[in-house]
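Next come two complexes built around chain A: one with chain B, the other with chain C.
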Partner chain A sequence: MSPQLFLSIIEVGCFFSLLALSFLLVLDGAAVFNFAIGPYAMAAGLATSWLVTRLGYPVLAAALAGLAIAVVLAAVTDVAVIRPIEARLGGAELPALVAVAATLFLIEQAAGTIFGRGDFPGQPLLGFEPIALGSAAMSAPQVTLLVATVAVFALVAWWLRASRTGRMLRAVGDNKHAAQLLGLPVSRIRGIAFILSGLIAGLAGLLFAHKSGVSFTSGLQWTLWGFLALVIGGTGSVWAPLIGGMLLAAVQILSPYYFGSAAADYAILLVALLFFALRPSGLITRKVRT
Partner chain B sequence: MKRKLGLKVGAAAAGCTLALAGCGGGGGGDDTIVIGLVEDTSGPGAAYSQITSAAVRAAVDKVNEEGGVLGRQLEVVSDDDSSDPSRSPTVTRRIIGEGASVVMFTTGSGAVIANKSVMQEAEVPGLPVTSAATQVIEDPDADYMYLQAVTTAKQGEAFVGAFEAIDAEKIAILSDDTPTMAAYNEVLKDAIDEAGIEIVAEEEAATDAADVTAQLSRVEQAEPDAVLVSTVGGQIEVLYQNTANKVLPEDVQMFSLSSIGNQPQLWGQADSGALDGLVYVGAITDENPRTKEAREVMEAANDDDYVMTDYDAQAYSAVKMVANAIEETGSAEPADVHKALNSTSGFEAYYGLPDFTVSYTEDDHDGADGACGVVFTVFDGSEPSGAWDEYQPSC
Partner chain C sequence: MRKLLNRYDLSPVLTLAAGLALLAWVGDNPFNQDLFALAATYSLLALGMYIPFVLAGSLSMAYTAYLAFGGYAVALVATRTDWPMVAGYFIGAAASAVLAVVLGFATRRLSSFFLVAVTLLFAIAFEGWLTSTPEFSGGAAGIGGVPRMELFGVEMTRELFIPVLLVLVWGIGVLVDRLRKGVFGMVLRASRDVPVAVEASGVAVPTLRLVALGTGAAVASLGGSVFVTFNQAINPETFILHVVFLALFMPLLGGQSTAWGAILGALIVVQFTFNLGSVGDSGTLLFTIAVLVVLLIAPRGILGYLGILWRRLVPLESEKERTHGA
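And now, the complex of A and B:
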């Protein structure tokens, strides 16, 4: 088997993992499956590329603007879409889910209108010669994505364990009602979860766009990948999305290699069905003290 | 009483609407000739449709600047169908209702095919500007549809010529999972099989695939002499080219379809050196003096960053051909334009090699007079550098 396949699994797995982590943070902080995460990633990648290629911005400034857009979109989704619906309907989950799905398409079409409906190239944050690893080579954007993924997971794990806000997020995730009874600032924690989620999704889109570019329609597929990675990995640990993302990437890349092109879709469908049916909580589940 | 009055008003309004619609085929008002344009500004074909539509409008402006046709100005009446075959016929009917003498299509081939019966019923000629799908002109309901691009079957013959020119005996095909490419590849494979060239690998990936290293690794193991990337363009095309650059040996000749040449934004997405040496079926070369004319018009109509594509030249050519037909028949009535197009012979197209012409007869609406509407074009670095030296099809 080609070493390039392993590098591809790592690269794609990093992207899936970041998206899944973004899902996990909102799920913990607000108990919502935020399907607009893919469009946050798309918006960050698209805005960055648009600012660089059309307006001549330096890449770093454009990237910061792209991340800011993703964060704002996440915050607006929480404040202007999900909270009002939950307040009006007493916390019913389905209407919020439908509203988030509508937000996904709204962001996609808005991005198409603002930035254009063509494909945009990803913008590498760092530029250096590919690093040779035997017969394969790792390009600068691949290395950047890998390093960023490791750093993000380590930082989020540390934040959840060591910081007061992080511990409160875990408490809210464990039991929202108990957290409320204990007087924890659930609303503020939830806002932080959305903002952090937007930031991580934005970073993921920004760093993965180099692979084949980004367009206004990328968001939906990216949402599905992140969701599937979370389903596989589970919600029991901050590291679960990383495991889920890597496994999903391995299935997606190795199945067509061994069984032909058509196998990828079937393999992913099979894995998803198996997890939904046999292990709906994913590989890593949380143990809550009662 | 009120109800009766309401019914009368409704009936009157309906009558007026029908009367207006009935007058729709008259070719516009006294001062204008309506050119219908069904485009995709919000769907999957938006990227290329908008390029082509802009070129149609620029060509119409040029014709108007030069005095119009029959002393009347051309007016583009357009609408968006999102390349949606179920929505497109309604859009086309509305445009025909505005008095279109001819309807041009820059939308997806599937949507164009869905409009055949609409054009047949309205007896208005339809001209897909860039579509190469032969189904557009196959019965039933094909009397009013005209193809000007080189059909997929003729492109297949051209590819065989190119493979033979470089002594490629083993070919691999990389494609996406769209129905459009499935239909295209069937025609292409027939031509390759008939020529006795072996297809040693066929791989496919979704248009939004995250990675295609597996597909390219399998292709590498099949040891092809040449690889044809056959996609609708966009991200999957870039992904294939970037990955091929990493996985395949340097001496494997890469080929692609027109998509890579007609979507300049893709060139910047490719890794450094990934497109170098790639040969694709383009349609423009400055060896054709009419293409140079089209280029000058398009450059004047666009900003400094403009890069001419095949779509621009094909759009310019389509507008000029229609203008010629109307001028020759002396009428903008759809029936007369239809007759004039049917007797178009040897129209010197604004794309293709210098000898390339377009002709139609009542029984044959495949306009390309041979495969020399195709110009095999080669990339030097990250941009096309011109016609490929190794082989060009002849007419």
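And now, the complex of A and C:
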């Protein structure tokens, strides 16, 4: 395996991991797989590229605007879509699923209408010379994505372990009713989980868009990748999405390398079927001593 | 009169009348004929979605693949074999049912999110596969020049096929609505709402869901088959992935309380996304917003509220006694 291929896996893996982490936070906070996470990432990436290429914004300002859009979308999804549905139907699963699917599609169509239905190139956040690593080289966007991923995971892990809100999020994720009985502010914690998840998804989309561009339909595929990375990694630890993301990226990058261009989609489908059928709880599960 | 209205289910008569009116509107206008054929395709898709999704509470999203199965089966049978074209309808339906059951089986004990994910991944992989196998599926160009179908020795021209479509969609609509009201439908709906109780009565809920998924997939694949029969061509872009979201929204908007709601939803989709020239690309957006609003504040859908209105006008005997007694 060439070192450049290895770097590709790291790069794509970082993206998958961030999406999966975004899934995990909402899953802990609200017990929902938020399928609109891919579209948050898409909206951030697309808005940034659109602001830079069409309106001539400086990249950093555009990126901040893109992140803000992702965060607002996440908060609105929680407050305006998922909560009312849950309040009316008492947490039944199918209505919540339909509601997030509708949100996914709505964000996609809105982005297509506002930003246009073409492909946009991603915008490099920081510009510096590629860093040589032996025979391979890491480009500036690759380095940015890697550093951001490590930082995000470290921060979230620290936040969950050390901060008051983070510990409360874990409590809510473990047992919502118990948390409610203990008087924890479940609703506020859940809102924070959504906002944080929107921020992480937005960052992921923004930093990954340079790889293959971004268009209004990218979000669905990104959602599926993030979900699958979460399922592979499991929900047992905050680092599990990182492992799931890297493994999924290895499958996605290596299968076309060995089996031809169309193989990535088949391989991912196969991995999904295997994990769903045989190990739906993922590789890392929480062990509780009894 | 009131007794008569309450004793018989008038929906088959009313919908057939509506269908005939639609037929009169279509006439020999080619654009209207195209719209009608598309509406028929979407109606079958929506009915196929209705059985597992609304009745059994199982959401599969591989419906674009089922449509493609039906479409490609007809195109391949017509262009590569000497078999009658109708064989393609059966092959497509059987293949779709098998696929739906396999995907459902892999996720049968998991939350619905897993079935949605795996079916979407399948639809994506299948679209890619169609493009990358030119020798089998015609690749990106697809299969064109599908000959007209012969039914009982008569060549089905566009004009002749339109009434056939009406009868087919209406007939399947009647069947699905009967299914909903019959014992099987009642068990399905009960398994959606209280799976534990149904399981305790000795019915295997996972198996029941697989049957619903398979039946729905087969019905939807007929939609693909009629589309190809009418348009005489298919390619991987004919049924793009986002159609499945529209299909999911059709029963929600039209109303889940009867199978006709799915068909009404299909008609609305065709109107919003293809016929409204002025709104253009944003038609799909408007439609999606409408669905989300329905989902949030008017969950019964259009036919649901019409039904309530109807009951106000023609109350059931039991309800009348209750109100009089009180």
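Just so we're on the same page, the second predicted complex is superposed on the first by the 286 of 290 C-alpha atoms of A that agree within 3 Å, B and C clash if a C-alpha of one lies under 4 Å from a C-alpha of the other, contacts with A are read in each partner's own complex, and residues count from 1 in each chain.
Here is the rule we go by: a residue touches a chain if its C-beta (ideal position, glycine included) is under 8 Å from a C-beta of that chain, and two chains touch if they have at least 3 such contacts.
None of these values were measured; they are calculated from a predicted model.
In the superposition on chain A, A:D119 contacts chain B only, with no contact to chain C.
Of the two partner chains, chain B is the only one touched by A:Q252; chain C is not. Touch criterion met: A:L106 reaches chain C, while chain B stays clear of it.
After overlaying the two complexes on the shared chain, residue contacts for A:P280 are found with chain C alone; chain B is out of touch. Applying the stated contact rule after C-alpha superposition, one finds that A:L5 touches chain B and leaves chain C untouched. Looking at the shared chain after the overlay, A:S215 reaches chain B, while chain C stays out of its contact range.
Of the two partner chains placed by superposition, A:G236 touches none, neither chain B nor chain C. In the superposition on chain A, A:D265 makes contact with both chain B and chain C. Note: residues 109, 112, 117, 217, 221, 260-262, 265 of chain A belong to the chain B contact set and to the chain C contact set alike, using the contact criterion stated above. In the complex of the two chains, the chain C residues touching chain A come out as 57, 59, 103, 106-107, 110-114, 116-118, 120-122, 124-125, 128-129, 131-132, 192, 241-242, 245, 248-249, 252, 281-282, 284-285, 288-289, 291-292, 295-296, 299.
Of all residues in chain A, those touching chain B in their complex are 1-2, 4-5, 7-8, 11-12, 15-16, 53, 109, 112, 117-122, 136-137, 139, 211-215, 217-218, 221, 225, 249, 252-257, 260-262, 264-265. Of all the residues in chain A, the ones that touch chain C in their complex are 33, 35, 80-81, 84-85, 88, 93-95, 97-99, 101-106, 108-110, 112-113, 117, 217, 220-221, 224, 227-228, 231, 260-262, 265-266, 268-269, 272-273, 276-277, 280.
Put simply, chain B touches chain A in their complex at residues 41-42, 44, 46-47, 50, 202-206, 208-211, 213-215, 217-218, 220, 234-236, 238-239, 242, 246-247, 263, 265-266, 268-269, 271.
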